[in-house]
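There are two complexes below, and they share subunit A, which is joined by subunit B in the first and by subunit C in the second.
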Partner chain A sequence: MQNIWLSDGMGQGRRQHNWKSHAALTGILLLAGCGSGRQSVLNPAGDDALMLFDLARVMFIGALILWLLVAALFIYVTRIAPREFSRCSAERLIVGGGVIFPVLLLGALLIYSLPLMSSQREADDGLEVQITAEQWWWRVNYVLPNGDTITSANELRLPVGARTGLRLNAHRVIHSFWVPALGGKTDMIPGRETFMSLKPETPGIYRGQCAEFCGASHALMAFEVVAMEPEAFAAWLAAEAADAVPPQTPLARKGAGVFAREGCGGCHTVRGTDAQGQVGPDLTHVGSRVSLGAGILPDGVEDFANWIAHTEDLKPEVAMPTYDYLSDGDLTALATYLEGLE
Partner chain B sequence: MRQVLWTLATLAGLAVLGAAAVIGFGLYNTSARGAHLPGIGWALHTTFKQSVRLRAPATEEVPADLRHPDRAALGALHYQNACAFCHGFPDAARPATAMAMNPRPPHVTEAVADWDARHMGWIVQEGVKMSGMPHWPAEGREDEVWSVVSYLMAIKEGTELPPRPASATCTACHGEDGDTTNAYIPRLDLLTPDQIAQALRHYRSGARESGIMAAVARDLEDAEIARAARAFGRSDPAPAPIPDPEAPAALLATRGTGDVPACTACHGPERDAEAPIAPVITGQNEGYLRAQLRLWRDGARGGGVRAELMRKAAQDLTDAEIDNLAAFFAGLAPAEP
Partner chain C sequence: MTDINKHEEQKRFRAEATSLWKITFGPLVWAVHFVATYGLTALTCAKGWPLDPLRIGVGVGTVLALAGILWLGWGAWAQWDTLRDREWENDAPTDEDRHQFLGHAAFLLSIISFIGVVYVALPILLFGSCQ
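Now for the complex of A and B:
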């Protein structure tokens, strides 16, 4: 992750404009610094991300020191004290500086970094989340220690200070799960479960993104990760396990009627109602999520209406049809109903 | 060498001039009365036969239910509407007008003698250039073509033929009250007048492809559509309940899968909504449901504003799921009156 950012910048630099690559690298660092950092490896908010950040820092600073040493040596022998080396001392320099020193240095880095890999797959503290990548959204099932499963979608909530296991699957094509602020990325492969675990430390809302090209709307396959204090998380999980709240206002009740009439329940589940479809995201508590459409829209009434009426414009080739034939009244009612599913 | 080339070029030029003269001065007699010049008829007919043999689909592409009597019956009904005028019936001669065509369309018993089902399928689908034989007038409706072939095979194999209907009105196919039991023809008594009217308008405009329905719907007036819709439609058809909700096909229909939405969310039964947006399909005829599901799945089915919903709903159905769902819904009691 970190090293990919870095090697990209340097690779370009080697090709043509060294100064540009430095400018770009500095720019990236600055951007990451002044942005919200919700989706940045430079803003680690969890154990694993912190470790990766440290690893990257060690590598980067090490590379910098090495480069300065080589540059200083080069300037010293060509400009400051140019002299002829004897064959013996030249060979000592080449073998010492070109073979022994790199072997020792790389060996030390290897010994430092290899053990870090295993901690990315450490067992969880009791909570496990099964995440299945669909085109282009996320099925999320919380599996409690007693075996109960709580279904959600497109949003991952984690307790801070505890390690949560993630069982990763994919439905049709390969995806990759990545929350830069919390940890490394892991591929999601159809027919082969992969595992990783995350331990967030700082409460907050972070952003995850599919990191493996998976079709037309790959770039629009994101999700929010909400890291919460353990008590708040437990309360949220209990609420998430409950059935949907019945619509409260006349407008929301009208929206529930539109939802049933248009057959939305054929694809979506709203627990506690007749809607039991399995094709699309579970909507039981969709109104309490931070975002809509797998991390591409906020979660307001207008956003629901916008999404339902322009689905295929907002997310090309998505499985959900565009309901552009609904009247404004029906659309507003439906959006109000969904937004009220908290 | 040079001389030979000049001679050949001159001869070729003269031939082109001659052909231009024959065409330009109307020298070739296009009257349908006279026979072809010797050898021409043989050349054309052999070209046709070889072309069919080269292009006909493989035997495996002939549907397994080709010899279903209902399929032959549907084929016979359309044959009467669209084909009999030229090819006659097994027990009736061709009309005198058709006999005056050149080439003269073969009588049906003679026409089927040379061909297997796969060849007939290709000829009915593609037609025959310069013979007056039209191609199938709808795209993506091979299922209808095979129904006609089903009837032709019944003629060829001497199976008992379906009775010849007296008329070619709606009731000839859909039944006196729109309640036909033919598996390949939809029951109309499960539909609302609006649904029937919309279907007829789509058949008329071509938004819904069907060679069989186009033959009868292309010239309908709005008033005729309204009358037919009123005559067969039912104001409030209620889908029948599902007796065994835990059966595999019932679960597929009511819960769907990760790829397929629940059918009953739009089609009922047990729909919790004020107005139906999709036709009742409990008790609908099986072969019709199967053909329509395949059309939806393959993207060949047009429809109203909600057509996209059904297209996307069906896009991941497997052949086995389509067969199971068609059998399941056809096996349920028809809609309550």
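Now for the complex of A and C:
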């Protein structure tokens, strides 16, 4: 339902005839962002998000009813039938409506919502992902049941229909992990591991965002979450575990040379090559990611070039130097090499 | 003021001094229950102990705390004595009013303590895990 409204937006003619009756609803959905709903709690695509959506609806409708009752009562006693109350009935109203009723209502909501919280942190079905927040990107390690670890970065892939555990850590400052379409929010705290789990149900690409201010480029610290059918996920994971594909074309080979010459390997790892740096994101399969620079650019050749030549402009105070002195030829070669790291 | 009157007044004031203490007992039970519950939970989760003993312990502790608060609240209610003299407020500068006012305050504090104890216990009784 909300999809239609989110993608249509408001006032595109087609639905204008009845927009008044839906103005309130549309207003709420517009507030949630007019995009495709890839980063919206109103577009739940996983077990946990659905549960939270239900919870939010119960709370919202409850609050609405309460507000209407109070407003109606207020209008009744001030406009429709203004009169003096006896002390006794006024006190009864205050104690009943101001103490007993809220205590019972809040108690009931607490009893309804508390068990939901622990189900957001249920144990995983076998796959665990360790995510460490950096300023301003994400280290991502897939831990298989046999203990093997597969290193990736800035993107999270999950199988649908299964619960995946997320062990969250942070380096230096507090961040917060949030994929609104899939589940709740969990803080990432230096020196203290936190845990949550996600169970996506609808395959698709969702957007996550750091949800705790963490410095100059906090707003530019996002990531893509790709929820895949289990077979597709298994195939992807096997490919992710492999070393980097060697450059195929002369241009890409030239790019690999620039990569080595400029010392990118001092900070970045490309498995299967000499590049073994740990400061920045693992680039072994950077060409197959959906986005670049922690969710801020698409993943095309020109985006790689843009990132390398304008790093600081794209992401203020970033921990990677800006390579604005590279010739266009070197830059294109380098970008082609990186884009080829599928 | 005669000596006898002064003496009488002091005696009453002494009685009231204990009643002043008494209004803190409800919140005190709440505070002890709070610290014990949080402490025990932190310990259980840090050590990885099983959760059932924690739940039972907190359950029993909660029942005891609530019983204590009920008892204190009942005493305070009697001291307030609002049903007999139909006086909701006790604001006259007399010993009797002071006495009843303290009962009133202690009664209200017992109510809030009761609610506090219930709300503190609920998460532990309903949560399935330390996560």
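Here is the rule we go by: the second predicted complex is superposed on the first by the 304 of 342 C-alpha atoms of A that agree within 3 Å, B and C clash if a C-alpha of one lies under 4 Å from a C-alpha of the other, contacts with A are read in each partner's own complex, and residues count from 1 in each chain.
Keep this in mind: a contact is a pair of C-beta atoms (placed from the backbone, for glycine too) under 8 Å apart; a residue touches a chain by one contact, two chains touch by 3 or more.
All figures in this text were calculated on a predicted structure; none of them were measured in a lab.
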Touching partner for A:319 - first (subunit B), second (subunit C), both, neither: first
Touching partner for A:266 - first (subunit B), second (subunit C), both, neither: first
Residue contacts with subunit A in the superposition, subunit B compared against subunit C: B
Partner chain(s) touched by A:277 [first = subunit B, second = subunit C, both, neither]: first
Touching partner for A:53 - first (subunit B), second (subunit C), both, neither: neither
Partner chain(s) touched by A:236 [first = subunit B, second = subunit C, both, neither]: neither
Subunit B versus subunit C as contact partner of A:110, first or second or both or neither: second
Residues of subunit A that lie at the interface with subunit B and also at the interface with subunit C: none
Touching residues (chain side subunit B, partner subunit A) in the complex: 254-266, 270-275, 277-278, 305-306, 308-309, 312-313
Subunit C partner contacts - residues on subunit A that touch it in the complex: 91, 99, 103, 107, 110-111, 114-115, 117-119, 121, 195-196
Parts of subunit A lying in touch with subunit B, wherever the complex brings them together: 171, 257, 260-267, 273-279, 319-322, 325
Subunit A partner contacts - residues on subunit C that touch it in the complex: 88, 111, 115, 118-119, 122-123, 126-129, 131
